[in-house]
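Can you keep this structure in mind? I'll have questions shortly.
Going in written order, the chains are labelled A, B, C and D, and every chain counts its residues from 1.
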Amino acid sequence: MNSGKKLSLHGMLQAISRVKIRRPITEEEWFITIGGSIIFLIFMMALLAPFISPYDPTIKTGASYQPPSWEHLMGTDKFGRDMFSRIIWGGRIPLVIGLVATIFSFAIGVPLGLLSGYFGGNFDRILSLVMDSIYSFPGLVLAIALAALLGSSVVNITVAIAVIYVPTFFRVVRGQVLSIKEELYVTAAISIGAKRRTIIARYIFPNTIPSIAIVFSLSIADAILTEAGLSFLGLGPVVPPVPDWAYDLQKWYGLAVSQGYWWLAFWPGFFIMLTVLGYSLFGEGLNEILNPMLREV
Amino acid sequence: MGSLKKYIVLRILTAIPMFFILITVIFFFLRILPGDPISAMYGGKLPAEYEAYLRHKLGLDLPYHIQYINYLRSLFMGDLGTSIYTKRPISREIMENLPATLELTIYGLAIALFVGITLGSSAAHRRGSKIDRLIRVYSVLTYALFIPWFGTLLQFIFGVYLHILPIGNRLDPTVDAPIRITGLYTIDALLTGNFLAFFSALRHLILPSLVLGIVLSGIFVRMTRENMIVILRKDFISFAKARGISNDKIIWKHALKNTLIPIITIFGLQFALLLAGAILTETTFSWPGLGSYLKLRIEYRDYPAIQGVIVVYAILVIIVSLIVDMIYAMIDPRIRY
Amino acid sequence: MTNQELLSIKNLSVVYNTTRGRLIAIDNFSLGLSEGEIISVVGESGSGKSTLGYAILRILPPNGKIVNGEIHFNGINIIQLSEKELRELRGKKISMIFQDPMTSLDPLMRIGDQIVETILEHEKMDKEEAWNIGANLLESLRIDSERMYDFPHQLSGGMRQRIVIALAIVLNPKVVIADEPTTGLDVIVQYQILDLLKRLRDERKISIIFITHDLGLAYDISDRIAVMYAGKLVELAEKNKLFDRPLHPYTQGLLKSIPELSIDSKNLVSIPGYPPDMVTPPRGCRFHPRCPIAMSLCRQKEPKLIEVEKNHYVRCFRSGEVAFK
Amino acid sequence: MMNTKIVEVENLRKLFPVQKSFLDRLLSKKIEYVHAVDDISFNIKIGEVFCLVGESGCGKSTTGYLIVRLLEPTDGKIIFRGIDITHIKGEELRKLRKEFQIIFQDPYASLNPRMKIGDIIRHPLDIHMIGTREERREKVLSMLKDVGLYPPEQFYDKYPHQLSGGQRQRVAIARVLVLQPKFLVADEPTSMLDVSVQANIVNLMMDLKRRFNLTYLYITHDFGIASKICDRIAVMYLGKIVEIGKREEVLGEPRHPYTIALLTSIPGRKIAGKKLKIRGEVPNAINIPIGCRFYARCPYKKDICQELEPKFTKLSETHYVACHNIEMIKKDWPTLF
């Protein structure tokens, strides 16, 4: 329909002010700042582990099952290992796997989504079907299957997790492309004789970036949870005594409940949560600012 | 409404190819990636001849397309194979464990939906207020919770410290399971009038379903909030206000109903999260469902059993997407059959 | 403005809080509406004309606020009503029709149910009775009452807007605020809607505030026309007077920029420049940057609304000098 | 011999298949079409402004899109400067695009939000590799001046969202003119702008027409604007041209009832004479009746109109009307002014 100018109250507000008015962004900046700081601190902690960890995390440095004390800030485990040191070191693997796997998913999912959405046709139909199948299937189960059947090395786990999040990127990008493709400025680009390559690179891709940024952050959060889930189910990539948060949690949560050694389960899980929280806050903040559905006013 | 019936029948028919696509995608996925189940399971700890024998026994030495055909054939016959470990038919083992998972997911889902929709709606129509901020923090926080950790925490608080709730299993050891009708203890107990079993089952459900429900509620809060913000800007909301319709009716009738439509569609896809969450919840709470079964079989490297569970998950996903589509078709008058 | 007026707005100011700062959408606006009268409020985007409707019904968005003024309806000050009293007022005494008929109706509810809902919210009766009232109303508006069973998506744009109008008047309100009710519609359908509104005025003595950006439409439907620019009322007069002898340079420009249908003249006149940014409106008279006859006084001081001749109000320092016409 | 026609359109037709869901396609094989443009012919002479007028959904914009080959015609012929461009494709079409351009209706959507104004206007030069870097920049700056965006340097680095609707439309015009096309389609370029700004844009376009020797196909629903700028007018209804002629002919002595209804419905006509009121709304263009498309709404309908689609009657060398009832209309509406 060639309806006239759509002047909702909110559109009107924009028209009045001539510039996109957003709701006060302070809160979103808050989300992003806190999320970013958490991510930064946790990364620094893992990166500087050799320098800041008080003990070697893999050997006995005290009595067994010591509750937190000044000597052992987070207590010790059955083997007398310092939990604080294990926490500092234990983030390395999940952080790297989360990041690397998401980068892989991004690198595969985004171009496929762009091409599939832009060119459509049978290529798009089949690819979407495959991606939707993977997407609708529980990611953790797929990762379990892959890890159980292929072996749970760091590389395999990373691949397994990367595979799970390819459809997430694919779907978001494809969906965006489908709507951006219909935008008038893309038609305008065609009418001035732009090549397809130019249209994808300069008109479509840049406009998908906000959504990709949101998904990227949330996918890392998700990937870390999935890695933790695998470790918890005994399919983790680490071989004891190498420290890993979820592995430690899995190892001790029974004792934590039955014997009251709460610190053994509390700290590993807490750091998993903190890391995921960092990425989620960051993604949520981005979403509120960049999501076109929520924007305006 | 004849066309609705026709739609439903057709939709059920399309679920069959969907299932095969899903199964096929997963099958090829597991085969195409490098690696091999037998070496993954036994890691070279067995003599090479025995590994080769195992491969042959499981049909893993055949070309992929033959494996695929064999696999489809046995699937078609409803045969998921025999467990390497227990030597029992896997389909039977799964059927024993499935009801526990269903019961947990249904209660978890109910909690997630209730919390998600109430909080999400409240946040949306107070967008920008303190309450909205609080609810958003809740949503991000719950999303970040790692189920085993959160579960352990609750077990510790309510089971060990306060000592008011059981921390594992489906029933007290002194209570006999109700006569099996559906396999869902709470329902069976009610149907047979076995109130002792009902309350025991309910008490055991509280913690695991709360954990699952709360962790997933974050996503529902977010979805509800986002969608309702969009809906609340529509003219028909202003028009309802201008006609003097009360705020409560506008939010809980007009806005919510319209909000639920996109949510229902998204939900079909998010169901996967519920299943994944259930696996971790079950293992944390020694809940004898599919997830616990899966974990156990992973420990025993029971390859056919693992594959069988995957198939069952695929079936569950398909059934849910089917149900979702039907609810959608019934709610939204705009859908064209 | 006298007390016999059905609805009278006095010194109304509405402000939106935006991230860029306070935006005064309506500034010190006064207007009176008599029974059975149709007044058009004409303005371009950002003039505050739609905000006026939201303010009268007190349904401004959360960041909008009435900071000053009174709105009297039948002697009651709407600004002081509680939320409950407001709800009784809305729909029953004052009602509103929105711009886009495509989105004004709840897509998941049958037309009939939406009508019944409106009636039952205000009157005590059973559902069936309310349904019959709705069906009769549709018939009286020459709409097939079978439409009660339809969902909004089954109706055409014009039909939807007719249903919206029916919904707005089902409780026999005294005043209807029509916010650009024909914007998305074709000219011919637009006329059908205008005819319907005029008939409602004639048959039911409903007073109408017709908000539009189209002076031509305002001329066709209304008795009086109020012209708004950048949140201010700049001219108010009986429609023929306003068309024959516009006194504000903005009104004059607006009138000239309507491309009048003719086969002999080919010139198209426009007002230079663009409407101002409302967060930082120009000092003095808000129209001065675009005004062909602005003087230095206009840049410093804001003119007051004065009654230049009987019932003809203008906000301009040079309105006395009719010579510029 | 010099051809005086820049564009010739012969029996142009565009059908859009009605979108159907996967299930719909399973249910029935019949594909329905929207007859957006249904067998229209006209030509545009060098240097003239040709207006296409009609209500929403009549196919006027589709016609514009077809002529600049943004849509693929279903049938018919488009000849541009003697070259048949109906089916050219790929590089050939891309290179030829320099010659004919289009200005879109919605200036809020037609500019890439992530490109600066300067880049938007320079981009066509980049694409067609015209001039050096410096020359391109110079050209863009002078173009900005030409469309009245002063000072050009300041606008060069702005983003679209920092501009008002009118300014954006000026940018869109600059982007198009930088390629020095010969022929422009203007698709309701002012319908989304404020009335006070509208005339600015129209006047600018007419000014540029003289300076750059342009030819326009001007699409609008506003007879007022058409009456100010055009040389010839074609009125469309449901995919058909119902009346075509010189400005004075169509505006002064319209002979199709639909034209008369449109002309007399223009609001704010102080000299308002009688009005031709017609009932109903434009039907959808899916199930086209056999006879005259205007039959259902026509106050002058006769039996023949339902059975036989009217052909063009030639009233003068330039004035054609597709109606069975011209005589009666002539009697009722001798002239409009």
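Structure notes:
Convention: a residue touches a chain if its C-beta (ideal position, glycine included) is under 8 Å from a C-beta of that chain, and two chains touch if they have at least 3 such contacts.
Given the structure is predicted, the values throughout are model-derived calculations rather than measurements.
Annotation: A-B is the more contact-rich of the chain pairs A-B and C-D, by number of C-beta pairs in contact. Distances from each chain's CA mean to the overall CA mean are smallest for chain A. As a whole-number value, the distance joining the C-alpha centres of chain A and chain B reads 21 Å.
Centroid to centroid, with C-alpha atoms defining each point, chain C and chain D lie 32 Å apart. Distance from the chain A centre to the chain C centre is 49 Å, each centre being the mean of its Cα atoms. Shown for chain B are the residues in touch with two or more other chains, namely 127-128, 235, 238. For chain D, the set of residues that touch two or more other chains comprises 56, 164, 221. Shared interface positions of chain C, i.e. residues touching 2 or more other chains, are given as 45, 54, 99-100, 157. Of all residues in chain D, only 56-57, 61, 68, 70, 94-95, 97-98, 101-102, 104-106, 109-115, 123-124, 127-128, 161-165, 172, 175-176, 179, 188, 191-192, 221 touch chain A in the complex they form. Chain B meets chain A in the complex at residues 18, 21-22, 25-26, 29-30, 33-37, 39-41, 43, 127-128, 133, 136, 139-141, 143-150, 152-153, 155-156, 159-160, 167, 222, 226, 229-230, 233, 235, 238, 268-269, 271-273, 275-276, 279-280, 283-284, 294-295, 298-299, 301, 303, 306-307, 309-310, 313-314, 317, 321.
Every residue of chain A that touches chain B in the complex is listed here, in rising order: 8-10, 23-24, 27, 31, 129-130, 133-142, 144-146, 148-152, 156, 159, 163, 221, 225, 228-229, 232-235, 246, 249-250, 253, 256-258, 260, 262, 265-266, 268-270, 272-274, 276-277, 280-281, 284, 291, 293-294, 296-297.
Those residues of chain C whose C-beta lies close enough to touch chain D in the complex are 44-45, 156-159, 186-192, 194, 213-220, 243, 253-254, 257-263, 265-272, 274-275, 290. By the touch rule above, chain A contacts chain D in their complex via residues 1-5, 15, 18-20, 183-185, 187-195, 198, 202-203, 206-207.
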